[in-house]
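Right, I'll just put the structure down here and ask away after.
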């Protein structure tokens, strides 16, 4: 058996990560890689470590060719562009959209944060692909919206707790930190090693980051009523890794909170609650894992939750492969069962 | 004029930072450096970059010799040891204690977090040396407790706001991040570059860090009533730099909040509120500055405050020199007025 | 088919890397992990990212138990200790020794650099396991000496050139740089992130590093006469990665030099000469690859060669797995065919 | 007394470093900062850490205004542009040129490496400003060519040895490593933290870097005959710091080599030979120091020399201030006598 794969926007970091993961997938075979900028070049000229291992000529987007040559397409295109392209594909083949174009259900909310949507019909068509939470819906889907990295790190621990009513939906705060690869391969002073290196900073402070509506959509769905979040993203001077420190009021003790999350993810090999202590981003680097630590502060009656993922793997391309596996009836762990590159 | 200085525990990171700063102080002259471990060696054999610039023989602690040769003593000794040694000096000369031994006023609180105090009388004798806040008390003091790094980064922005009643004292959270030098020069896997480097982690989650009573003491004093804080420290894979992201409910708008903090620190050259945007730790590296950014989130009615300091300078040795300047009637900025080493 | 594996000294960096690689090996199954220090503990308590994926109880060394439960043993023990332990195993099962105890053929040279050898008979018994160079000898071996990381990075490009007589054996210099994981998991100021981070330094300058006799043994064998090398190791402030910049006089042009090395490694998928440009350590991180760039400087008549490996993979545990594959008649690439974790 | 200073190209890294150093210079006062790109903006809007400390409006280049308002001008302009601008100033005031435009004496050599020179007369007019070597010439100069960073790190240790005939001029190799700030503030994938961070690479391998003629000019002058160098630059994933590992044949022993360099720099406080061991780049970060370690390898009859500087300080702006001090008859150490920011 073999599954032919297309990748739109293959030369960015999430594209390269998809290629890395699919290289060791027993069923998937990459047959199409698009790049507007490098159209016609071999990908190994752009990313030299592919030399001798993955040589494919980059092509411009061509919907007809893709429909003919691919069974599944991953879109690593930027927000806005992605919807335009996948709208030409989503009826004919399976699509996993790594952009934000299909993640929100409410067009009004989308418009408020992003402006007019080029293809609003995609919002209803798409299934939100937080694998461990929406596995059943994903199974039958032809278009899956791959969750954002920050939302993944926040929703995985909070969804079970909100569903079970163990934390209060009011006043939730997530103080989140991301490696710089989340900013992509584009050039700016923000990603210049002399400015970002040996430094640490917050950005989009005070409720202005565009991942907020996606996070609130997931939290609200879990809580059964509208939830607002205070979300502050930060930049860690590392390439990969994301850690969210989440604060939520709770009347329940630590053991109960841990049990709740643990039980929810029983059978999901990638999401794990630590028996003791707290995870570091290095514990998941290069893997599709989400590790979670939970502590109850009795003085403040607050649960403090720390979750870590690799923003490019579980936060993007790993989760996308997992979504493909579920959509195509393959074992969910196929191509994703690795130990971290430590140290 | 010349001021003779002793440093207890001179070979650790705060000791080395004191020597760096005092090297360019126009009045201070280091006449005594103690080290139990390296007693008898030249400091330039321990820290080779001192070779040819600062050659002094390390001595064991000798109270009589110190009283004879020093007018001011900085204690960079570990918690517990410091009180023991400075109790032999504090009546005779000026002492700045960089340890936690003299920071808390309430012996009961001290005992609860640290155990029995070897010299409880020091708690009352010492003045808490948050320079820009307690300048007048410091002026007349002979023993100053130099604030901890985390408390400094949290109290500087919050004290004015709490005094003015512009933020609510209930439910304050500080999600703080520190460079690894805060852990000192001692050896552990926590500071091994292969474990701490390229990683990010939380520690002492859930209200267990010993800086909490010090922070709460400062917040309570400012608010005029008991304040609890939710405090989570994290480790950034850099050597120097500390950033606190502080969350506090507020019914006031951003301009009002900024004005309040700005006005409070008018005339204090080291503490500044940014007109716009948010500071990074790199903006203060190697300096005695604290930069503050403030944003009001109208959706959550919360003030989000970001403050940055260099944990070894404003968070330790720089503040200690500033305390000495105030205690000795010198210009407060002497030896401390530098631009950051950027990039 | 299944191959039962034992790892001596499983909790260090090369041990952890072996476990990472063998986790995805289709034939090997780890049945024994020794650790003197952590005897009796579960490895997931020492290296928390193994939780839920690799749970094995660490045992003290027990030759009888190992002989019963293992077909292949990897020794990650420190130099000196390794020989002592593998001397009890090497007659009964296949052993790959990652220490320096079995790499040198000449006992006199060994003694000169290391002192008395506890089991000199092992020197003759062991096959030097530079896989791509000594494949045939390895195939029949029961004890393989896994090459050092520096020697691997230097010998892979130079052996073909010396064999073909395309570079002069006199005056060869290798200026080599290693990530800090090469220093192991032990604690010292050298590996403290505040001292090693944001810094760069040379060590063992002037011909004093113990890898020198191993490098010279390999170069001499290739050249057919005694070769001396000037070797200077340096510390890069990263965890993984090694780059050697090698200088050798040559009367031949670049194309000829590249052809020679390329042809030599034709069919060896892990060693590759770049058509153009020079590799970075990031291009091979987490992989078993060695990438080589070559330039001829016409002004100096010198070949300048740059080779990169991951010091823990191709420089240690990856090469060890490759040796096992060859010794056991498995496909040489099994468990080793990965793309780098980029970025 | 006060000296009015202009900086051309003030917003790059060498410009910012000049401002940092001159901020604590007792005589110099910056009165003019040019920036084509940010003309009209306040520099504190470009480099936010200047807020409240150094507020100056950036202006476009205006030769008449500069001549009126400045006594000394530093050019931090890129190669090519610099000559054009300083040709309008060099007759009227003192100029220190940090670009490569005035470093070479031989127009033919310049043309070969850079192409046509816009103002060849500057080559003869300029004095090469390696402070500790050409102090006397600099004293009377009105135009000083500030040495390149790589040449500084190589010439400082080699000039005394070549002058004294203690190392052979044939076959010298410098394997040099630089922090990324040497590449400037411009944007490219080379300086993207996700590509440069956690990595190490060589560039301009095989004698193609434009600093080579400058290095050879200095070596040849010291040796009294033409000297070729094999020079390979590398990129260290840090912002500041440069280390050169230099290989030269020598018939003299270590003590003699160290004595020679030590004696040459007696009285020059910034250049020092370590009595024992080898320096790391961290030992000089943020300082104007050059530290040198020397070892003789008796097996190869070669001297191995390691020198470290901060590429932005001793390798650029610090040396430029030192040149200004010498040109203006000020104490050579003024504004430059600092200990490194350690750790």
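In order of appearance the chains are A, B, C and D, and numbering begins at 1 in each one.
The rule is short, and it goes like this: contacts are C-beta pairs under 8 Å (C-beta built on N, C-alpha and C of every residue); 3 or more make two chains touch, one makes a residue touch a chain.
Worth saying up front: this structure is predicted, and the values here are computed from it rather than measured.
Between B-D and A-B, more C-beta contact pairs join the chains of A-B. For chain B, the chain with the farthest CA centroid is C. Centroids of chain B and chain D (each the mean of its C-alpha atoms) stand 36 Å apart. If you average the Cα atoms of chain B and of chain C, the two centres end up 46 Å apart. Each chain gets a centre from the mean of its Cα atoms; for chain A and chain B, those two points are 39 Å apart.
Counting partner chains per residue, chain A has residues 13, 181, 194, 197-198, 237-239, 279, 282, 285, 343 touching two or more of them. By the touch criterion stated above, chain D contacts chain C in their complex at residues 171, 173, 175, 177, 194-195, 197-203, 205-207, 228, 230, 232, 234, 236-239, 241, 243, 245, 247, 278-282, 285, 293, 295-300, 302, 304, 306, 343.
Contacts from chain D toward chain B in the complex involve residues 13, 16-17, 19-20, 23-24, 47-54, 181, 198, 239-240, 269, 272, 274-275, 277, 279, 282-286, 289, 291, 337-343.
Residues 13, 180-181, 185, 187-189, 191-194, 196-198, 237-239 of chain C are the ones that touch chain B when the two sit in their complex.
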